[in-house]
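Notes follow once the structure below has been shown.
Each chain carries a letter (A, B, C and D) given by its place in the written order, and its residues are counted from 1.
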Amino acid sequence: MEFGRLDEIRDDLTALYKDLHAHPELSFQEHRTAAEVARRLEALGLEVTSGVGRTGVVGVLRNGSGPTVLLRADFDGLPVQEQTGLEYASTQRATSSDGSDVPVMHACGHDMHVTCLLGALDLLSDSRSSWSGTVVAVFQPAEEFGTGAQAMLDDGFLERFPRPDVCLGQHVFPFESGFVGMMSGPSMSAADSLKITMFGRGGHGSQPQNTVDPVVMASATVLRLQTVVSREVAGDDTAVLTVGSIRAGTKENIIPDQAELLVNIRSFDERVRERVLAAVHRIVRAEAVASGAEREPEFEQLTRFPLLVNDPEAASRTSSALRATFGDHVVDLPPAMASEDVGLFGTAAGVPTCYWFFGGTDSARFQEAVAADNVARAIPANHSPHFAPEVEPTLTTGVKALTSAAIEWLGTRG
Amino acid sequence: MEFGRLDEIRDDLTALYKDLHAHPELSFQEHRTAAEVARRLEALGLEVTSGVGRTGVVGVLRNGSGPTVLLRADFDGLPVQEQTGLEYASTQRATSSDGSDVPVMHACGHDMHVTCLLGALDLLSDSRSSWSGTVVAVFQPAEEFGTGAQAMLDDGFLERFPRPDVCLGQHVFPFESGFVGMMSGPSMSAADSLKITMFGRGGHGSQPQNTVDPVVMASATVLRLQTVVSREVAGDDTAVLTVGSIRAGTKENIIPDQAELLVNIRSFDERVRERVLAAVHRIVRAEAVASGAEREPEFEQLTRFPLLVNDPEAASRTSSALRATFGDHVVDLPPAMASEDVGLFGTAAGVPTCYWFFGGTDSARFQEAVAADNVARAIPANHSPHFAPEVEPTLTTGVKALTSAAIEWLGTRG
Amino acid sequence: MEFGRLDEIRDDLTALYKDLHAHPELSFQEHRTAAEVARRLEALGLEVTSGVGRTGVVGVLRNGSGPTVLLRADFDGLPVQEQTGLEYASTQRATSSDGSDVPVMHACGHDMHVTCLLGALDLLSDSRSSWSGTVVAVFQPAEEFGTGAQAMLDDGFLERFPRPDVCLGQHVFPFESGFVGMMSGPSMSAADSLKITMFGRGGHGSQPQNTVDPVVMASATVLRLQTVVSREVAGDDTAVLTVGSIRAGTKENIIPDQAELLVNIRSFDERVRERVLAAVHRIVRAEAVASGAEREPEFEQLTRFPLLVNDPEAASRTSSALRATFGDHVVDLPPAMASEDVGLFGTAAGVPTCYWFFGGTDSARFQEAVAADNVARAIPANHSPHFAPEVEPTLTTGVKALTSAAIEWLGTRG
Amino acid sequence: MEFGRLDEIRDDLTALYKDLHAHPELSFQEHRTAAEVARRLEALGLEVTSGVGRTGVVGVLRNGSGPTVLLRADFDGLPVQEQTGLEYASTQRATSSDGSDVPVMHACGHDMHVTCLLGALDLLSDSRSSWSGTVVAVFQPAEEFGTGAQAMLDDGFLERFPRPDVCLGQHVFPFESGFVGMMSGPSMSAADSLKITMFGRGGHGSQPQNTVDPVVMASATVLRLQTVVSREVAGDDTAVLTVGSIRAGTKENIIPDQAELLVNIRSFDERVRERVLAAVHRIVRAEAVASGAEREPEFEQLTRFPLLVNDPEAASRTSSALRATFGDHVVDLPPAMASEDVGLFGTAAGVPTCYWFFGGTDSARFQEAVAADNVARAIPANHSPHFAPEVEPTLTTGVKALTSAAIEWLGTRG
């Protein structure tokens, strides 16, 4: 496939990327981004629908008979204070869903996703003589909540737009820019986030016998929760259970009334996931009983990301297409301990999903870190205040990858 | 002893009490209170010195040769939101030492202490023909910090004012109003408050292997700290170790960098105290090592209250004097698991301290709670937002107790 | 009182003591000891009944009208391998109640108790002209099980023998020989011993996910049990909870089926005792649930010693009598964290108990340890393989103490 | 390949198998087994060397020029009380290396390994016209200790016998008999077994303050060790850490002097293994410090099994050969959480290892368990007292597999 058109639009895409990066918006607040996306989709001649799943945008590019290919980019930012020092770094702030004023940053590269998808749509639109079929471009809100894809589906996505035959998407990741990485089978972990409140009975710090100490209760629970992975998950299964936050009390000599734990669970297998969740509930309840709690703990599900499964055949076919474009810059990746809701579209439609990573880290810097064996520490990962993809060759790679994959799944003409 | 004068001033004292209650001030911010105290001391004819130990006030009443008796009242309030529903409840707010805006309440009865001491000074001043010697009235700031007495001593208290032969004081407590309770020997616990910061290394919740998890580190520490009392303090020694607060992290899928524990330790014996403190340091450091921490934990001493020892002979002598006034309404009390810095005056001067409690709870209500065996739950204790002494007979009891005890220790005049 | 007779029998008593020491017998197996006791009681002219409560012996010395005084000595040994190096050290072995072959030693001084009581009975018999009343001498089996006194009571003790007006007894203890120590009120702790079996599900060490790991379950339980004393017992109450043994598994790569804990609980107050026992049951059950155990833990009460309360008036009266004999070698002792079933006789009869300690440690050695502040480490305590009272002045002290106390409570004649 | 000869010798092999099963011997005590093996090797015409690595036997079958193929069987039993109920069940007992009298059982199928290798050698000897090269048959002692292969290597194995070009071996496993399972890459876990002794200071259970309680120390350590897998091993790495035994104390009211933990660690990556081992040492030492131990814990390495890596090319080549014999009864297996020292031969010689499993469970029984989803519970695994391979078709499968694989790697003739 030829990518000559990309040279004509690269400067515009670069400017767009920097503008998006400087103007990140929180989940379900992506109004400015959505408007810009819609404007550009219309300019490319697509049928545009805004407000799908609150702030999502869908563009449809019809080009005769043939397969329907869904291309998806997510477009929300994060409540992170950018520290990249870039000239186009974000200084935005916003009101988060809990009412607090927070900084906002594109700390997960969704600005790059949007830019690459718009670039790919331009190329596809420009080359429509060479393929036939339908492209459904999905600009999804609130991926960071794990609820944006479901919001679009709940808003009638499958009924309102052409039903896809395959769902494609990509994510920029902290490995070498210019490379594309493909996974097969279970590819990104399911993730469940829980807020657990444990109830004691407060009192004066000198009289614990008149209290039920929630600090001890919560601490014992945290230790006991370590046994879930160490004892209840097989060595060759995969699960991670993290208590990211424990909070109880404000003063040294006052035993508080309750404690709060925030828990995150990653898994790659529904049976493992269910066993871990059951163990968490069992342990938390039992530790409350052990402390003599007079009230049952409360569990609130904060987010739930599904397991992302790359259909093996779709992954293989897509991988071949990418190799035709990138040669040996396409690599196989193991499953990632990260989570995504992109798979919900394919699951809902009953069609394969294929999702890949493309590198965002400067090549020399990455090689240096590999040589020093400190990639995990030296290269800022997604969600870091220092996360910022090298614009090139990242942008070019992302546009070409999406275009190549789409063409592969669309019908060829002529 | 005759207390006829009390009938003349009771209304004024009651009004003073309610005014003080409605206008509590935080530790070392007791400016309004100090001014009122100074004004009244001058009106009574005492030599008055303000600003001793920042906001303390000292009044000296000289009445010929004879013993010097120190009478002490503390006068700071607490950052508590009053919930008594009294007509004279506090609605005050103030800026606490850490800069935050907080409610203020006389939740520990120091307003009653001030009122009773002023009442006693009036009676002593009025009856000076019947005794000889010197009364040094100490209105101490910042008892709640455990640092007010030391601040006055550091400000030259012993050099600037007549050196006492005995130090007397009293505290209102949630038992039956009209009763006085005397302790002997070690009477109120030493208390040490520590802020402990433990350092991990943060990271993504899905990759604990790249972090040192401070949530687990702090939780293991809390559990291990339970062994200090269970294993290192003899069954017949007394110590209480409470972790009043544990705080780490803000988000479920981010492993934070550090955790903070607030710890309070009560003891009645310096050897026990030292062993407990050493054990806390040892355990915290070892648990950090167990977690693989790369940085030593940090310990900050927040407050330190000394052990209060009532000199047994002074307690016995004072008790006899109180019995002459109150008959069988004087009771022996066991040591209290609460803390006070009043003892520092006697320790610094090398003279006996005698400190007692006087009841503040309505008699019927107290008896009812006793009968129902739920005193600890039914009667609001000091520091509770519901703590409020019954004005009478509490005020009368406090004035008479202080006056009777002072007279006992002063010289009698023919 | 005159003790001239003691000089005549001291050599015989010393020989008896060494013979008993060399021939200790386990609880409820004290046949040789009982026979020797019975023989000597008969020689002294008492009415003798053997086999009371299996192996106990009761001697009654009637001497006219007057009070009935119970004097009690226990006479069982312990399964300890003697390491005193004494010429009369025990080399005995016996079959313990669980069928195993064990060494036996008088490691708790019961041989001294028997000798002193026989000496006192000789003196009382010899001096019967100076007193009137009845002496009931109780040689009790199985004190170490905590069940011997109850066994005698269950065997009709109160119905078969003269009902006592007071119960007296004594115990040799590792303080200075020649001294007697008296307690008042709650004097020796209640003690409950439990065997707890927790059930997991075994399996291969590499596949914990197919097991319920009892090693983790029991370890978590031990840690959680530390919170009973640290959080549920008031600082000024007294309780000790010790897990003396934890046992699970035999091989590193096999997860066993169950774990066993042996727990000992000391307390001085029935409410504290009940709360601690309830907490132990609650925690053990909850930790089993936390582990996902499929079977409830099992609790077996191994021994139960009651709280020993010295009647304050009886203690005071006895103390005065002892002071008449020993002068300032009678001291007040705080409650002891040790346990005794002697009190069951007084409780059953509804009469006061008075029990005291007498020192067994060489005076110089004891003073040296005091000076070096290492009494707890330097002086072998009861149950140690090195425990051995100095024969004199321990024996003389024990005989005189028992005789003096008995005379005090008996009627005087003439 | 033709296996006609097998029909002639099957009865003899079956009898041999049952005889070996009835006469298991402990590691490094395999004298009877070794003698029988040597006798049969000589009968087959091999050059036989006994006593290699204490009790090992090596047979060399030279058949002209060509590759040298090592075939290995291990031949020790286990201290397990057989409960199979088979007519040829073992009733043997022996003195284990720690001096105790123990039952012995072929609970890991090594009797089957020996039988199959002898059968394969018979077939190879019988068919030597069809291949050329050298077969080195290794009958290894003490596989259960993880030290037998090393003992043979330390005894000059590589110098004394023809150097192999490939090392082959097999293990009977609880899946369907008649099937062969092949792994590739890291195939069986490294396993490290440690005995850890933690030192406290004993004393009376009522006086924990005079002790350092090893029960609490060891229990806290067990809980903390759970964090190694939960926090220090990546979700997609594999490690299992099991504390198979915890033992401390014998009596409820005596705090013991020390505690013993037996720990088993499985891993598939040397970096993970080293990190886990380092964490175990760090945690154990730190928990001793947390308890105030006066003596460092002691670590004793009980066994150490290396990681078994099946060379991918060798596995692929061998697998093809097995497929030619068994068709679709050859399956790919994931890595096994079990350990083997067979790989040491290949590692020492610098040549590929290929090791496979063959099923030992009756087909119908296995399918039933699969259908009921309870294979782990229903099918006795290796080391179980109920483990017993179905003799057929297990024996036939094992002989054919070994012969087919050997022929593949030997030179073909004609």
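Rule of thumb we're sticking to: a contact is a pair of C-beta atoms (placed from the backbone, for glycine too) under 8 Å apart; a residue touches a chain by one contact, two chains touch by 3 or more.
Chain-to-protein mapping (UniProt): A, B, C, D = Hippurate hydrolase.
Keep in mind the model is a prediction, meaning the values are calculated, not measured.
S.K.: Which chains are in contact with both chain A and chain D?
M.R.: B, C
S.K.: Which chain is most remote from chain A in terms of Cα centres?
M.R.: So the farthest one, by centre of C-alpha atoms, is C.
S.K.: Given that chain A and chain B are copies of one sequence and touch, is their interface built from the same residue numbers on both sides (over half shared) or different ones?
M.R.: Mostly the same residues.
S.K.: Using mean CA coordinates as chain centres, what's the chain B-chain C distance in Å?
M.R.: 44
S.K.: Taking the mean of the CA coordinates per chain, how far is chain A from chain B in Å?
M.R.: Centre separation, chain A to chain B: 54 Å.
S.K.: I'd like to verify one number: the distance from the centre of chain B to the centre of chain D, where each centre is the average of its C-alpha atoms, in whole angstrom.
M.R.: Using C-alpha averages as centres, the distance is 69 Å.
S.K.: Could you list which residues of chain D touch at least two other chains?
M.R.: 189, 206-208, 213, 216, 220, 223, 226-227, 230-231, 234-235, 240, 266, 337
S.K.: Quick check on the complex: what are the chain D residues that touch chain B?
M.R.: So the residues of chain D touching chain B come out as 206-209, 211, 213, 216, 220, 223-224, 227, 230-235, 237, 279, 282-283, 285-287, 289-292.
S.K.: Going by the contact rule at the top, pick out the chain A residues touching chain B in the complex.
M.R.: Touch list, chain A to chain B: 189, 191, 193-195, 204-208, 210, 213, 215-216, 218-223, 226, 240, 242-256, 259, 262-264, 266, 302, 337-338, 376-377, 381, 383.
S.K.: Note which residues of chain B are touching chain C in the complex, please.
M.R.: On the chain B side, the touching residues are 189, 223, 226-231, 234-236, 238-241, 266, 334-335, 337.
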